[in-house]
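One chain, chain A, links the two complexes that follow: it is found with chain B in the first and with chain C in the second.
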Partner chain A sequence: MMTVAMEKPEKTGTVEPAPARRVRTVNRAVVVAAILVLWLVLFAVLRGKQTLSLAAADLTDLHRWFNDVNDSIGADRNSNPLFLYFFNEIRLVIDTLVTFVQELISQPSTDRPVPQIGWLGVVGIVGYVSWAVGNWRVALLAVAGFTFLGLQGLWQESMDTLALTLSAVFVALLFALPLGVWAGLSERFHRIVTPFLDFMQTMPTFVYLAPLTLFFLIGPASATIATAIYAAPPAIRITAHAIRSVPRTTVEAADSMGATRRQTLLKVLLPMSKRTVVMGVNQTIMAALAMVTIAALIDAPGLGKTVVQALQSLDVGTAFNAGLAIVVMAIVLDRVTTAASARAETARGSDSPFLKWRRQLLAAGAVVTVVLAYLSHTYVWAAEFPGDGGIGSSIAKTTADVTTWAQDNLSGLTNAFRDALTNGLLNPFQTVLTDSPWWLVGAALVALGTVLGGWRAGVTTAVCVGLLVGTGVWSDGMTTLASTAVATVLVMLLGVVLGVWMGRSALVDRLLRPTLDAAQVMPPFVYLVPFLALFGATRFTAIVAAVVYAAPVAIKIIADGVRAVPETTVEAATSTGCNTWQIITKVQLPMSRGALTLATNQGLIYVLSMVVVGGLVGAGALGYDVVAGFSQGQLYGKGLAAGLAIVLLGVMFDRITQAAARRAGA
Partner chain B sequence: MARHFRAGAAGLAVLGLTLTACSGAKVGDDSAGGSGSSGKCGTFNLAINPWVGYEANAAVLAYVAEHDLGCKVEQKNLKEEIAWQGFGTGEVDAVVENWGHDDLKKKYITQQKTAVEAGTTGNKGLIGWYVPPWLAKAHPDILDWKNLDKYASKFKTSESGGKGQLLDGDPSYVTNDEALVKNLKLDFKVVYAGSETALIQAYRNAEKNKEWVIGYFYEPQWFLSEVPLKKVSLPAYKTGCDADAEKVACDYPVYNLDKIVSAKFAKSGSPAYDLVKKFNWTNDDQNTVAKYIAVDKMAPEAAAKKWVEANRGKVDAWIK
Partner chain C sequence: MTPATTEVPQRRGTPQDSAGTPVISVRELWKVFGPKADQVPGSEELRGLTRRELMDRTGCTAAVRDVSFDVAPGEVFVVMGLSGSGKSTLARCLTRLIEPTAGEILFEGENIRDADAGRLRELRRSKFSMVFQHFGLLPHRRVVDNVAFGLEIRGMGRAERTKRALEVVELVGLSGYESSYPDQLSGGMQQRVGLARALAGDPDVLLFDEPFSALDPLIRRDMQNEVIRLHHEVGKTMVFITHDLSEALKLGDRILIMRDGRTVQCGTGDELVGAPADDYVRDFVRDVPRGDVLTLRWIMRPAEPDDPLDGPELGPDVVVKEATRAVLAAEKPVKVVEDGKLLGIVGDEEILAVVAGQEGDA
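Up next, the complex of A and B:
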């Protein structure tokens, strides 16, 4: 997601140099090294024993039980009152909502061959709203962006995607905002809801996609709900964070003036956290757009479907064109909501002369917008986007040419790099993880968790290890863990290099940022086809895919951290004669240690969220198990177990890195 | 300034209204005939499983149903498992290229009774191990499984742990490959590419760069018209030799691809059901349409139109 530094903000600790604790840091490093050496020694002795490996088609009792539960739900869906009176009603409401939005902007309705509002009206409305909630610059961007979608020849597909995204975001926010406020007010509720949010964000969507179609049938309702499940957590987290970070003194002042709880909430807490809450909405929109291609697997209409279908015949050009449309839409929505959040900040208390005219200008704009909408409702030229999408086909063709060139000319080079990394780093590491007895790996993980994150993190790790063994996919889990760790190391390398560069230069930041945004919302499969050509169906391809997706987050967080280092400190270092290299290594990086840990945390979580995509390009292990579970009934339970294993790995790493971050910051 | 702006807005509005007065066709003017053909057929919910061969079947069926029978065809892009699930919920009427799937038949036809068979498509499905053509030409003896071990070391990759690599594709495909490798005692390891896209890309590279690749593939498949892969013969299939999934040591059977429809749809008397039931064509027919879609990059509907117009006789036999 684009401005993900917001996502788990509570983790950034304040950073201060701590020379006094150097001794303890060194001790900790020694202990970690000792644990690793002990592990390796025991590995050499016990190699290949009690590894809990399970062949691709083998199942455990747990997996069979999951299958049975799934089957029995399917079998009595027509008689179960829960279905008749609960799920069916929900489906009906959401279907009605989505169909309404679709007939408004994307789909023909019963008595009209085209939607109610045509392209001219939509472009007008988007421009007007962007201007009203943001500023004229983002309005121009929005108009240009949406016109570009039409020029790409993807107007209807884009509008289908927009309709679904808007509906899903609406449904998500309907639940997320109240829950977020509650979690912001009540520490207890916050603690209860956090694991659920972790679960919703790290559980691969593939796992619940098939059951969702059982509950809510194939169609817009299932797609909307799947998207909403994934997109709601950021809004809940950020809203809670926003409420919590309102200064205590302000709340106390309100209390002392005799405000009731309700008044405090409505008059103090909500207005003061408006800006951050809008950022939560932003994150929800971005998360919803990330689901576009996955939702296409259960027949969600729109750009995702174009991508999926183009890839059946390996048509990278067409897939890229549609992917680009998703990127354009994401950038427009991101910039508009960011501008809206900035306005929420500045609007309070400012009274520039311009503001006096604002009301009149808004009214005039509204009139123009209504005229445009009317035109697009009535006339064919304003309803259907003119032209044949020539720009789209030239984009597709250029992309195809570029990929072919790269595949023809680079593959020798890339193969050498792949083999070096796989044989030098990945294979040895994976062997240690998969060929050690499970209890040895488990003990080592718990010990490392305790040393790095304290006893609480140690306990969490122990629980996670126990549950991982319970899922029955321990061995696959370790294979995935190895790839995940390697990918995270690469993410951090990239993150530090590019993050520092971006943090030190505003120009570089401005140039790189759109590329990073694109890397995060472009559906992975679009760039995976060329990667497959370059690296083959291997674990390495999966690692590269994960790095492309996760590195932008790490880069952005580290760039922010480096920028937050006080100017005066850097100047002081310069005046004592430090050169650039010394400033980076001795001042800027150590002082952004909190950001580095947060970047590791987020990098890891993002890498984990790509495990399933990795399974589609040769990573095997948990990712493949999940995909297979989605595709084959008898493997459903195993896929679910593998999904749980991914969640457990995520929770384990999250808790360890968070605890370590708190220690580093404290 | 506001006054200016207001004047400007009013001007724009007037301009807009004048434009409307003198220009452009109105929505609904010219399209009255477009939807006039909604006859007795009603809506026909057709599942589209994610491979091009299937899409070819579906495109032609949808085209005929729409233009000859006046049905409103709803095409739904779904994986097999979810499509079958849709029979029970009434969301899916027909699946028009089914590869075996005895597990699904047992669950939905025998147990839940929500689906019924609707005859074969006429296509013969082959599954097996394939090598790129350059390899078959350079080492013709590789097409016999007995010689595979001789070349195992050539097929080694970074993923195969010192053995030869046998590349498998999409997890939803019918496969016995792990059991085959084990029971034929081959020095190979099954590596899961995880998707058809990954598999095709691997073969495409292999042919272009003369790389050693052996893997799972099937026909009819559009990619074979781009790179005519060669099938390696495994011990011949005999009825029942694949009964125990763990002990399979023989080739895959030839699948008579068939059609499955929902029980409700079969009883509905819809002309679309008769069309699905009578639909029957050859592998060559399907390959032609699949090639239009995948290689010539035609829209499925345009591809179907082209084929239907060239093969009116065959189509007429389905709708009589």
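Up next, the complex of A and C:
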């Protein structure tokens, strides 16, 4: 053939790679070890001095100032123009929205003893919508799931949670989708908005609540706003990503045919990113559900409140029942939205005979749904869920029995495990952190940050340490830091073991991945319940829950990292005679270093958010300060400061590990 | 060599003999990427630098440097170069998908660079169409809706545009696939959709940006033949970008070779092979079977007084390969005659030198 393709690489213009700079002779691990040793030596000498510890009821000037601010805001809430015409208006609008949705499905309104649409109508609508946007299988799941909620005796609580979630998702998407499209179209806006989104997503759910109550009072409005703020970033990010990943050629083709910007957006960009955007909506819904349950702390109604109240009275049975309801709702919402995003793909081009009848079937379904809704609006039997929630009581009772049995019979085992880990790992670590002088810990953190993440991360760490001292909850911060560090170590151990296993074996991957995916969908809250049953109200419960909560994400990242190691490299190692252990330690793990640091990053963030939630079940420290701040007026300022401290810890972890990840990747 | 190589283009007339004004006329076109790019074409000093020097001095990359050419109506004009030579940038500059830095682009006498956004859209909608290397189809639309897309953009009604789209779908040989989605088609068929989409608007000029580079060789050959067929049927002016010399020679009436953003040589295929402008071009055309490309004009020698002049006659634009049998069969040298005038003669030696691949380039 006469194919004289000119595909030889262009010689001119290629740059000779500069010779690698001389590698630093001192190993980074050695430096880290040296810092730790120095710290321990100084700790032995200076133990117990300048620890900045603060008793539970003690306040600093900052805390008192926060209290004053809170009081003064409370006093001028109805006179200050900023509140009168801005915050109060927002609250009013959101309140109206939430009340409207609540009266629709969950709460009695002024002239009716029951909500507008009763259980039968809601179940019908949920089933119909699931079928219309997804498929009949998820519709069945949704109907079964919602019926189960009623059988648990938690219908009204569930509907409150659903109402809040939907309202928050609505508000979040109202802003997130346009912003996402904008960020997708404009490079500049994308650059501006990305750091904010990064920051928002590192924050534990918890810390959104306190500042918002300052402006919007405690209650459903604050909860909805906090939830909307928390749930918007994934939608913005994914929408922007979807728009940006439309192939350049396609956009260029539309341009070359003379499409206007509007035509390009409406006919090319939006249709092509539909599927991905629906995935973003899924993320937003799941984030919203997680947040709505936690917002129970600021008096949001719903399942979260049941769990919180039960947790505070250590009523594991009730907590478990309500937690289960949250899980059921999470599964239904996740499956339905996932099916909706898959639908965009499968619907086109399939020649199913149903497709022809789809329109008629949809219309028929709509009629049935309207009839059900009408029935539930009119008749009491269809409005109030029948029965007395007997299944719920028996679930609660069984759980309580199992718990009691476990505590009676397994306590030897669980306590031994708990004490071993607490005394062997947690206590020493915590002592070193809390009993060292603050400046020693600070200096060590800055040094570690600099060594691991570079001078920029070092500067960030220094600033964070300084501010952390300023918050006045340094000692509690160090306790939280200790728990977080221990939990993260455990997460990484699990992550490496299971991640490598999954990365190496497709079978294990297929078996484990669905479980991990499901585990990631659960609101963090729910994880506390079973461990509370096993380990009682201690720090340790929070740590174990945090490990379980954070492990799936770390495992998945590491598994993907190991899988991404090129086949040929592994083959080459095998052909030189490496055994499995050598392949893992000398090829696969070093080559997935980037994934390992990223997993550490995500692990830390997840663990931190769970450890502070653990404040509810006796983990103490910052999480407890925040919770106490919500319930006791004089501790409000301290709670706010503790929230700030959590943010600072989060930023510090994130900056150091991100910088380290960039280094590993380079 | 396989029979495939015999698909030699029939010369459809070089611009010298095509009357009338050029459709596209490009004058001293520059495209520079980088900071203060617009200063580069104006500066006598910077203009002269090589790409590398310019990069080091100013941080700018000159993708297209001082390129000028004319495209005659109905002509297939090929721009050829290696990756990074600026050929795709040049093609995009023609309709300002990439904004040129300096120079003139005249389309039927109108300077495209002066067109405002509305006029430019107008031109893109009705005068130009482009076929892309990676197709650029809309995965959420059926074939017929993809083809009708350009018409839809113009605001044509559904019935009318579907009718037109179906005609074009048939023209490119995709009948039966109207209702398929792009991802259900093979690469070659997807590019036929791209071709149909470009043809649907009945443009004056078709721009092809390496349309067949992503296809495998057999499909590529089919598609090249398809383009030749369509050119015969619809007679559009075409500007064709490629990195494949054989494709350039097969399709192009004239070929412009680019290197580092500059024109190296512009001419017909036999001019490039017969008279390469420099070593760069010579290197490229080295492997081309010369007998397939060169015409008798390139190998004839002047008639000497003692040459017998009663041999058979052939035209000067007959390709060597096709003349071989006739020349070798004749007892006497073949006369190369144009309009009754004797230009020169070709004997066994000249033919054999070309066919054996020993002429000139050793």
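One rule holds for everything that comes next: the second predicted complex is superposed on the first by the 409 of 666 C-alpha atoms of A that agree within 3 Å, B and C clash if a C-alpha of one lies under 4 Å from a C-alpha of the other, contacts with A are read in each partner's own complex, and residues count from 1 in each chain.
Throughout what follows, a contact is a pair of C-beta atoms (placed from the backbone, for glycine too) under 8 Å apart; a residue touches a chain by one contact, two chains touch by 3 or more.
Bear in mind that the values here come from a model prediction, so they are computed numbers and not experimental data.
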Considering only the touch criterion stated at the top, classify A:Ala382 as touching first (chain B), second (chain C), both, or neither. first
Per the overlay, which chain contacts more chain A residues, chain B or chain C? B
Which of the two partners, first being chain B and second being chain C, lies in contact with A:Thr538: first, second, both, or neither? first
Once the shared chain is lined up, is A:Leu40 touching chain B (first), chain C (second), both, or neither of them? neither
Classify the contacts of A:Ala572 with the two partner chains as first (chain B alone), second (chain C alone), both, or neither. neither
For A:Ala506, select first, second, both or neither according to whether it touches chain B, chain C, the two together, or no partner. neither
Regarding the shared-chain residue A:Ala254, is it in contact with chain B (first), chain C (second), both, or neither? second
Tell me which partner A:Ala29 touches in the superposition: chain B (first), chain C (second), both or neither. neither
Figure out whether A:Arg418 sits in contact with chain B (first) or chain C (second), or with both, or with neither. first
Which superposed partner A:Leu616 touches (first chain B, second chain C, both, neither): first
Of all residues in chain B, which touch chain A in the complex? 1-2, 5-6, 8-10, 12-13, 16-17, 19-20, 23-31, 34-35, 50-52, 55, 76-82, 85-86, 88-89, 91-92, 103-104, 107, 111-112, 157-159, 167, 170-172, 178, 190-202, 204-205, 208-209, 222, 245, 293-295, 297
Under the touch definition given earlier, write down the residues of chain C that touch chain A in their complex. 1-2, 4-5, 51-52, 80-85, 92, 95, 97, 120-126, 128-130, 132-141, 149-150, 152-154, 180-181, 184, 194, 197, 201, 207, 217, 243-246, 260, 284, 287-289, 292
For the complex, give me every residue of chain A touching chain C. 1-8, 10, 12-13, 247, 249-260, 263, 267-268, 271-272, 274, 348-349
In their shared complex, at which residues does chain A touch chain B? 55-57, 71, 74-75, 77-78, 112-114, 118, 209-210, 213-214, 217-219, 296-299, 305, 308-309, 311-315, 318, 357, 360-361, 364-365, 367-368, 371-372, 374-375, 377-383, 407-408, 411, 418-419, 422-423, 427, 525, 528-529, 532-533, 536-540, 615-620, 623-624, 627-628, 630-635
